[in-house]
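Single-structure report; data block below.
We call the chains A, B, C and D, going by the order they appear; numbering starts again at 1 in every chain.
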Amino acid sequence: MAKVVGGNTGSKVRKKLALFFLIGWILLIIGDRVDELRVYQGAQIAMYTIALASIVLLTGYSGQVSLGNGAMMAVGGYAAALTLNNLQTPIWSAFMMAILVAALFGAFLGLAAARLSGPYLAGTTLALAVGLPAIANQFSFLGGEPGLLFDVGFPPERFGEDFTQYKWFFWIATFIALIALFVTSNILQSRFGRTWRAIRGNSLAAELSGINASQLKVLAFSVSSGLAGLAGAVLAMTISLVAPGAYTLALSFALVTGAVLAGISSLPGVVLGGFILVAIPEIADALASSLGSEDKLNSYLPGLIVSVLLILSVIYTPNGPGENLRKHFHKKSAH
Amino acid sequence: MSLVVSNLSVSHGAISALRGIDFSVEVGQLAAVIGANGAGKTTLLRTLSGLKDAISGNATWKDREILGKRPDELVRRGISHVSEGKSVIPELSVKENLILGGIWRGKKSDTAEAINEVVELFPRLGERMSQSANTLSGGERQMLAIGRALVSRPKLLLLDEPSLGLAPIVIEQIFQTIDQLRHRLGLTVLLVEQNAMSALEIADIGVIINLGEVVATGPANELINDPALRAAYLGY
Amino acid sequence: MQKALETLLIGLSTGSIYALMSLALVLVWRSTRVINFAQAGQAMFSTYIGFEIATRSQIFWLGLLFAIVAGALLGAGVDYFFMRVLFKHANSGPALVVAPVIATLGLLGLIRSIVGLTWGGEFKSLTAPASKNGFTFGEVTIPFSPLDSLTIITVAVILIILALLFQRTNLGLALRASAYSPEIAQLAGIRTARTRTIGWAIAGGVGGVAGMLVTSYNFLTPYSLDLLLVFGFIAAVIGGLESMVGAVIGALVLGIGLTIILNYVGTSLVFIGGFSVLLLVLLIKPDGIMARGKVRRG
Amino acid sequence: MIRKTHGKRTWFAAAVLAAGSLLATSLPAHAETGVTSNSIKLGITLPLTGAASPGYSKIGNAMDAYFKYVNDNGGVYGRKITLVQKDDQYSPQLSIAKTNELILKDKVFALVGPLGTANFTAVHKSVGLPRRKVPALFLNTGFSGFANKKKFPTSFTILPSYAMEAKIVSQFLKENFAGKKLGLVYQNDEFGIDALGAFKDAGVKFDVSIPYTSGTQSAATAQTWVSQLASGGAQVVVFFGVTSATAPLLAVAAAAKYAPQWILGSVGSDPLTLQVLGVPVAVLNGALTPAGNPSPNDLTDEYVKQFQEINDKYNKAAFDDYVLQGMNLGLMTVQALRAAGPRLTRRGLIKAIENKGSTFASVAYSPLGYSRTSNVGHTGYYMAVMGPTGDRKPYGGKVTLYTTDSGKGPVVKSDFKRPAMPAKGLPNNS
């Protein structure tokens, strides 16, 4: 874990911890005021923020473009399901196992990835993302197409009768997301974050100044995969199921879109990215019903919106809208 | 009817490379552009040939503006630039490198004829037509680079340090060929060189650049004999 | 022994379709230094056009011609409108590496959605130009069919045409020169931007042929060419991405390799086999089998 | 200097944004969800696009057409039925998301004809239908696991289970193809494995048995199935899979001139769809298929004739098995809604089917098994043979109905006569 240097970062971390508690507390209150669909979507937003954080860390900081985060989410999801179903250990151990197994896979993939760059890495991870369902169908203990159950159990009785299952998912997902973002934020502000940025800037220069670039790239890949694995387990919890169909190429696309929209190198932006990814199907639904087109065409509308957003954002705000807004403010405040 | 450069300024991002460059070269003349390394000589050629955009000023060839035009447009108006450091394509054969210069004119027979002229000029190339360009020596590459430019039948030839990294006798041969060419084809040549003395010897006029500014310009023989300039820039 | 021959023949026919896709990817990579993930979308769109014409006219070859033209026009359009705008804007910061990859993926998604919205997602099946019944020698029927042989012949013809274009014509020389060193080509009078667009057009046309040939075997849906893109990429990487001959050889090696896995090992292992071949090549010989000493760190 | 990207200001803004999104909503109304004085809202998830869509995508529109017909003739006690269709592309994860939308956003009264074994298993568990007390009428899957009143209290099947179908096919094989070499190709998830178990129990041994994974079916994989079947010398081949797998199997077999006696499971055997997917019609000639309903082209059947009229007026789609099945689901649903009485509640609907469901009129020949302890619909099949155009005729000239259960019960030839169709196909039960 990051060595906390000097007094002020210590207090800074404490202040941020307090802030995170405050945010968590507010979200939980809101969770009670809202109908079940919004609560369920809240859990999905939390899941997306963790997944997008893994991309910000990997691509935004260490500069490695990967489409394999969807695949790492699957690894995490399956690991969590197998742990819960076979070892009957408490829920949190399933999530821990998801992180560990995914991080391990990430390290292995990172070894190959460290030797590649740009389009080669993207292409190889695209192959993984497209091929994952075949792998899941290959081993019978993974449950093939219908997949495995991942049952986190009903909310404890003491929360009362009308404490719905989805609110329970929302509590768990938000709790995990807050912890994950807190830890990631500290990692990114630590020595690791700085060296990753250096590698992204110019790996040659970084290497000359003594940074072992490939080793740190593998570490970045592993940590990012661990995060993605955790997000995969949270996704599995929200649908009580782990199946190849849940971790498709479309999910990897959506994650990349969310990360680019959120500003590929800004961590707080992941909340915005998560919100957009959950909002898009809603917008598509509203658009489709207003167009009066039957559901058949509707299934392509979200894809259209995601692609258009992805293209516009990568051309006009390559470093994310947050970046431009920040530049805008700086310009204003500088005058 | 000449190359006129007036008040030309160019910069690399924030760093200014050339400031207020003024000089002109009559048709058929050879102008030697002399100056220390990093004085801005290469930047001047890259701007005139369209590879680099200028910030201000203008340059006309035969009374038509040439700044802001793409290199392939300028080639069609007779301006060919042999860029710095053996500008040949190693993956292509010697013949293909030469043909490249003639593709834009579209007439295969005309290109073949131009290639024969180049082979007469540089017989060594003739022997190695089908060989891949990266098997050529430094001198042969320079000949090939100039050859390709000639196949485009230029009127104004921009040469960027042809002598770089060549043995003295090869330099002598290259300079003789340039001089012979100029008179035979009535070419206007802008020759950028660090090898000041041999350049000025075959030049009509000289342009001396230092730290991005023109410090002296005039007939080549005057510049050679001016003791102050010789001490400051010609090194003896 | 007969099964080995079958595997080789089918491997060649599958590999030859991969060759078209890997060739299209290499053509674009050499000229623009971008791996065009949207190639699958472009090929799929032109295949839908080809499908419409082929079904209406009942002539597969007319459909193929339209697919090539549609593919070429779309390819040129993507370069002229899409890539130029992209390079004008995304040219700084971490975006420089990320932008083309994400942009082409976004374009793939965009084309897929537009095709989905216009043609819908149902399966479309194309009347193949030749029968899929295996050749019969006496009473033995081998799974290698006239359609397979037709595929190999069509691809061979296209490869020959491309080889002649690149080696014997000025356009080919211009394409190669702009790919190897754009600056020198420009100084020699080549309009490199226009040449690059022509390169994209040729890649688009070749992709259209790949789409039509694959569709004569399987159904056509907005997703049916994704796997072809992945295998085309793997083949291009095996070949080293730098040489077109490498792309073709890489594709044939992959095609035969996967058919061996399909026939001798197991059907659903096909993808894992392809993926492990890719990882192996990237780890052991990152510059592919046609490496000419240039190290791939770019 | 690393830019300060994690200022507290941005964190707080991000949290408020997320919270804001959750607040913007209204609380649910208290009346019975999905029912108003003049309307009943029903929901269905089915593959409108994707691998399994050929054929199945027509069921939703057929049911909707039947509902429109009923609405134009007074609806159900004056209430008009609206059907919300959601495309789940036959993927469990998507069907969960779409069912969530149906229940939480569209607030439907009940689910009707959800399609797909794996999909409904996932939905039932993840969305928690029993806890929410949402009825799921007439599951469009034959998985025998659903025939369990305790585990699926609010769900009712309608198709005979794959286990019943396999037991009936086994009985048929023993009676007609004893001693022949047998081949089996099946989809290796609950759908196929359910049948496999029943074949084993019935003591039928297959010389060649080939599992395939849903989603991997293609011309290439079919090539390996055919070569295995041919080399194994299978004279009779039974197929338990979806239409998009039947098509390559039959096409490749025809191409390799391999022509065994095909026995196509009821699920993947619609002749029209098979032909659209490139299967030459000649191959279908002589193929056997267990069937619950009469042929969609048999105009001598009163149900088929009436449904075709409704289809011509309200649906205008090619009338095939899927449209017939969709309309029959509509007929059964309207009878259930009527049986639940004018004061419509979810509990009332479930009770009505338990008590009166077995008397409902349906196009299928076999009896309905609904009761307070059983949620099983039809319980039998007759064997049919496909003609030169792929159209279905009873094997041996007339319908010999076999009925059984999903368990160890015997296969019995039954002479049950299905109830007559209500006048003009408009239920008037109460």
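Keep this in mind: contacts are C-beta pairs under 8 Å (C-beta built on N, C-alpha and C of every residue); 3 or more make two chains touch, one makes a residue touch a chain.
Just so we're clear, the structure is a prediction, and the values are computed from it rather than from any experiment.
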item	value
Chain of greatest Cα-centre distance to chain A	B
Chain nearest the overall Cα centroid	C
Chain centre separation (chain A, chain C; CA means) in Å	32
Mean-CA-position distance for chain C and chain B (Å)	43
Inter-chain centre distance, chain A versus chain B - centres from mean C-alpha coordinates, in Å	56
Inter-chain centre distance, chain B versus chain D - centres from mean C-alpha coordinates, in Å	80
For chain B, residues that touch 2 or more chains besides their own	none
Two or more partner chains touched - positions in chain C	116, 120-121, 268, 270
Numbers and ranges of chain A residues touching at least 2 other chains	134, 137, 265, 296, 299-300
Pairs of chains satisfying the touch condition	A-C, A-D, B-C, C-D
Of chain A, residues touching chain D in the complex	15-16, 19-20, 23, 26-27, 30-31, 33-42, 45, 133-134, 137, 144-147, 149, 151, 165, 185, 188-189, 193-194, 197, 239-241, 243-246, 248, 265-269, 271-272, 274-275, 278-279, 285, 294-296, 298-300, 322, 326
Complex contact set, residues of chain C against chain D	14, 116, 120-123, 125, 131-134, 136, 141, 143, 145, 217-219, 221, 262-263, 267-268, 270
Complex interface listing, chain B residues touching chain C	49, 51, 70-72, 75-76, 80-83, 87-92, 96, 99-101, 103-106, 108, 148-149, 152
Complex interface listing, chain D residues touching chain C	48-50, 53-54, 57, 212-213, 216, 218-221, 223-224, 227, 244, 251-252, 254-257, 276-278
Residue ranges of chain D touching chain A (in the complex, touch as defined)	2-3, 5-6, 8, 10-15, 17-19, 21-28, 48-49, 57, 85-87, 89, 91-94, 96-97, 100-101, 104-105, 117-118, 121-122, 125-126, 128, 131, 188-190, 213-216
